[in-house]
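Chain IDs A, B, C and D follow the sequence of writing; residue 1 opens each chain.
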Amino acid sequence: MAAGSTFGKNFRVTTFGESHGAALGCVIDGCPAGLYLSEDDLIPYMKRRRPGQSEFTTKRNEDDEPEILSGVFDGRTTGTPIAIMIRNRDQHSKDYSEIASYYRPGHADYTFDEKFGFRDYRGGGRSSGRETAARVAAGAVAAKLLAESGIRVRAYTRSIGPFEISGYDAEESNDLYMPDHEAYMKASEYLRELMEKRDSAGGVIECIVSGVPAGIGDPVFDKLSACLAYAVMSIGAVKGFEIGDGFESAKRTGLENNDAFINENGHVKKKTNHAGGILGGISDGSDIVFRCAVKPTASIAAAQHTVNKAGDNIEIGIKGRHDPVIVPRAVVVVEAMAAITIADAILSDSCDRLEALRGR
Amino acid sequence: MAAGSTFGKNFRVTTFGESHGAALGCVIDGCPAGLYLSEDDLIPYMKRRRPGQSEFTTKRNEDDEPEILSGVFDGRTTGTPIAIMIRNRDQHSKDYSEIASYYRPGHADYTFDEKFGFRDYRGGGRSSGRETAARVAAGAVAAKLLAESGIRVRAYTRSIGPFEISGYDAEESNDLYMPDHEAYMKASEYLRELMEKRDSAGGVIECIVSGVPAGIGDPVFDKLSACLAYAVMSIGAVKGFEIGDGFESAKRTGLENNDAFINENGHVKKKTNHAGGILGGISDGSDIVFRCAVKPTASIAAAQHTVNKAGDNIEIGIKGRHDPVIVPRAVVVVEAMAAITIADAILSDSCDRLEALRGR
Amino acid sequence: MAAGSTFGKNFRVTTFGESHGAALGCVIDGCPAGLYLSEDDLIPYMKRRRPGQSEFTTKRNEDDEPEILSGVFDGRTTGTPIAIMIRNRDQHSKDYSEIASYYRPGHADYTFDEKFGFRDYRGGGRSSGRETAARVAAGAVAAKLLAESGIRVRAYTRSIGPFEISGYDAEESNDLYMPDHEAYMKASEYLRELMEKRDSAGGVIECIVSGVPAGIGDPVFDKLSACLAYAVMSIGAVKGFEIGDGFESAKRTGLENNDAFINENGHVKKKTNHAGGILGGISDGSDIVFRCAVKPTASIAAAQHTVNKAGDNIEIGIKGRHDPVIVPRAVVVVEAMAAITIADAILSDSCDRLEALRGR
Amino acid sequence: MAAGSTFGKNFRVTTFGESHGAALGCVIDGCPAGLYLSEDDLIPYMKRRRPGQSEFTTKRNEDDEPEILSGVFDGRTTGTPIAIMIRNRDQHSKDYSEIASYYRPGHADYTFDEKFGFRDYRGGGRSSGRETAARVAAGAVAAKLLAESGIRVRAYTRSIGPFEISGYDAEESNDLYMPDHEAYMKASEYLRELMEKRDSAGGVIECIVSGVPAGIGDPVFDKLSACLAYAVMSIGAVKGFEIGDGFESAKRTGLENNDAFINENGHVKKKTNHAGGILGGISDGSDIVFRCAVKPTASIAAAQHTVNKAGDNIEIGIKGRHDPVIVPRAVVVVEAMAAITIADAILSDSCDRLEALRGR
């Protein structure tokens, strides 16, 4: 839809910017006053999505230096909009005339032309993965805000191609953000083979949000699960979303799938968490667990058939170095969108009960 | 979030109503003037989600008679809000004191209490499946609007439990809305067995939207795929969503997954449709294809463990007759949410180009 | 704009209904759970805008009986949408074919046709003053909510035609809601004269909101004063709005207009209240005071020139009995819109500070 | 309310920035693709609100150089968000410790502290008049867009203190933007006297929007007049708004105030324009005419009483050079807000009728 670059109701994030324009960034409106914030809080997040850090990402140097333009004074947020800008470097260095002339399969070139009649074709323009840099900056702010309430958002690579982790090894640290050494080794080998073939891979990212109190979310359209789906599906290349046991639960019976409640030391808990932490759209106090499917990188060097703007059927091989898999870099983007969504839900849930109003 | 009962930006649907309140319904704001509309357009849709029509749905009689309260004059919409009301019949006939005292597994009883401190426990209140009656009424209006542009939305049962259709048989008509006779027979048998065990099943619904022109949707947060995910995941019991090949595409390579463009009689087409009709968040002119996972009915008569409001660990069996599977009745709800989403996207996309503005 | 029948962000009111349709009403989304509410809370508000109660209002009987359709259980709000419906009685009793054929001066007949190409002409359709019945019902809920925080909204007639109150006499009670007996007597006489001439009068309504704590509102677009202006200017026939000293302050000097701050028993107070209780868009703890200008009733029986749909220049006299002044009946509508606006602002202001978030 | 820095639904403007932060600016989301746009289109607008150009504005040099960061490619808009940034120069040059310690009368110092518990006190922070620079940049884009449809927005000073123009002299050009030479001379003399007394003046700005076709706006909450009121009342220091004859019309009779329709060469026109171009919230094809009241500059050097943060009653004189009247500089801000509002209304009104949808 038109005017679709704003996300959220009470913690609102508006992003702007194209891959090769002057800059990209975001405006965060609704962040409470008093949060300690500086560029140093953003940089670790920015680095995680930056290319050039492993054999499986492009060597292109995106030295993303975020600058906070507003909304922070004396080191703390003021409650007014926080604008963050990231300059694009060397954006005029390349010849994009070829890319302008045809429609890359799996990309938004054709659909942009149909929608706008005109597009910034340099590096994918607004539909470039670079757009997510702005989301990550905003997500870093949301994550810091959530940490004040003891909420932690953590995503990782669950699978690449056919290789899936068999458990979560907190000690394992690798450039695919895959917390299982054996799966990591297999996935790495798989990726090297695809790179040889000038082909690419997809995968699945899993995210766990812990510390969300019970009672967050809304029962109808703005179910917390629906908002997370919207947030995560809005990331380029994401083709599927599931909460809790997701598509697996569709194969189960009610007895197998229902999570029994139990009294644990005076607290209502669930024996299992097939639901993924959300019941009827509202958080139930368990970990919120979801996954998303990321398609294989559309930009591949192998030969593909397509159409150029003149209408000729042609064969192309996309030049340049592209990520053979974007899953590892998308992990932090998923975290960012989850953090923004949860922050918005929490800020929106302040007046569910009359007592809250009276207390002011 | 608070105030989360409105969906859409330019074709806006607000719903209201609880399972056993006086009435439920919706207000549709933004429907263009001039559309022929009467209750007769709504009734076929309402009937499809009504219970009591097969051995696999509750016998409870919900004789849903929608009444259009506003927005229609001389048989046509006037461009002002269309309010539709559906009275709840016999809503005081039952004793709900037991259900009020404990938390049903898989239901929103506990989370409502945590959020609002208080709930209408009769028949699930706002979190009841009855809430979807209002969505279906609104969806019928959206579907009629889309038909004016040649757009058709069609959903069906893809699988129930482990039984999946192997193709789409347009001739097949059955009470599970499952377009494959063999799968239907197996699923029926499976459901009968579960009913014996006082257990329940889930399944997968597939939806195809045909006739959407290329260029609808937005490149960033309001990707058409993200909006569809939000819409469909907001239906109670839906735990997963995927567009095109979804989670399958995460296992493929780029070469396998990319859809080649081809010139067909002067039109840009795709050879395949792994993408499910949306590229970069914008429709590409192919059929839009998505699926969602529906969990097994949470209300089962078999014994389950839970906690009552006093904090005691208890064992319950949920009384009354409940649907052993809600998938068949949810098919039309999925259609409704898809129609609303596409209508909103199309009405929002009118001014992507300057020429459109000049032409007024 | 399209889809413009919803007001507010966190206390959201959507209205529907035409003068002579089946019903009109509203859906209130975002009202906290736990508020005691029944139709009895609405009726006193509804009565104040009802015609037929004085010599200066139409004798037409609008026996507005609001019915709460949802969102209330066991006498208290549940936090889910509150739908309220008011049936239109005898809406088919009159012949509107004449009114359908021409454009009444001062009315929206022509502009509706230009916008929608088609309109419900019976009694003005959606642009009828009857539309405000739905606002008043919603306003009654907002007012009850505000009362829980000690906030009171009170409007009255400040002037009718050239006759203005010279003070506020709380003892004075009359059918023009004009709290000054002498002004009331003069205004009554003035109205009787206009009725003889088949002409009509306008006037000014003043509203005072007391008890709003300092700190409510937003510094930029959503200034509390701007939101009040939007709310009140959205009432049909309102042509002007001013906060505090309004247009008078434009003639003053800074020294005359600034309100000095003073410490009163440890509290920051203002010596005067030229600002009308809002500084920089945010409430300052003083009474919020605003006024609005209501134009004279457009429907008059005296002869007027206009154009019919065939394009002929014609002379008309609008038949039927019409209010010679709508100001007294609009008083409660102004109160309603102010209450809705303040309720929305208060519910939206819950997380200005980080401490509020931590406290959850 | 929280998150209140976004204006509009389909032409959405989000602003950010404080008086002495790193930068301020805006993001415009929803501008159609294909509009020729560069910084050169913004600069003439920016210059009109810039100080330092007459004896009646501060000498402070705000050399506002807008930079378009995104949304424009090859000189034309792409349909994606247009971000515009304006760096603040020399923002650390002054000592603001004194201003931090007390509450300036007529300013938002106290209300910001009550709302956020903390504020950027340098130069007024977010509540500074500098915030309007971002609005003017966005307004310049909206104005250029409207010009494509033949719509022109034009504001001017109607009065300063007690001195009002008696007509509109298009030839007159002066630094008070007051189109009547005699009134200008008197207002100038009046301002010089106030400057001697270290006092300030207010005034009234009038705005005329010509070329808006009939049929734009919405009948209920989003009346075009209500949206204009919201837009203009959101400008700092504006205390009143009126459309057409506004408060004057409240004193008239229906016969005097109604605008008769007349057939002029086959077009429906009005003989008079008391309504100010809007009937029932929808444009009627006449010029849209409105006025707003601007209070006298709150920052004055003359002695005033106030309270400091320690709670002491003190006397202050605000140092530094301040505008003795902000009306002339606010003229372009009023134009900007009007242009943004009309652009939003036009983009939102594209699907009032079914035919429009079919035509796509």
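Keep this in mind: a contact is a pair of C-beta atoms (placed from the backbone, for glycine too) under 8 Å apart; a residue touches a chain by one contact, two chains touch by 3 or more.
All values derive from a computational prediction rather than experimental measurement.
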item	value
Least hop count linking chain A to chain C through chains in contact	1
Pair exhibiting more inter-chain C-beta contacts, B-C or C-D	C-D
Intercentroid distance (Cα basis), chain D paired with chain B, Å	45
Between chain D and chain C, distance of the C-alpha-averaged centres to the nearest whole Å	25
Chain B and chain C, separation of their C-alpha mean positions in angstrom	38
Chain A residues counted as touching two or more neighbouring chains	2-6, 9-10, 15, 30, 33-34, 79-80, 115-118, 126, 213, 219-220, 347-348, 350-353, 355
Touch list for chain B against partner chain C, complex	2-6, 8-12, 14-18, 21-25, 27, 29-30, 33-34, 67-73, 76, 78-83, 85, 115-120, 122, 125-126, 347
Contact set on chain A toward chain C in their complex	9-10, 30, 32-35, 77, 79-80, 145, 148-149, 213, 219-220, 346-348, 350-358, 360
Residue numbers on chain C that touch chain D, as the complex places them	1-7, 9-10, 15, 103, 105-108, 110-112, 114-118, 126-127, 131, 159, 161-162, 194, 197, 199-204, 213-223, 225-227, 229-231, 233-234, 236, 239-247, 249-263, 266, 268, 271, 275-276, 278-285, 293-300, 302, 304-307, 311-313, 344-345, 348-353, 355
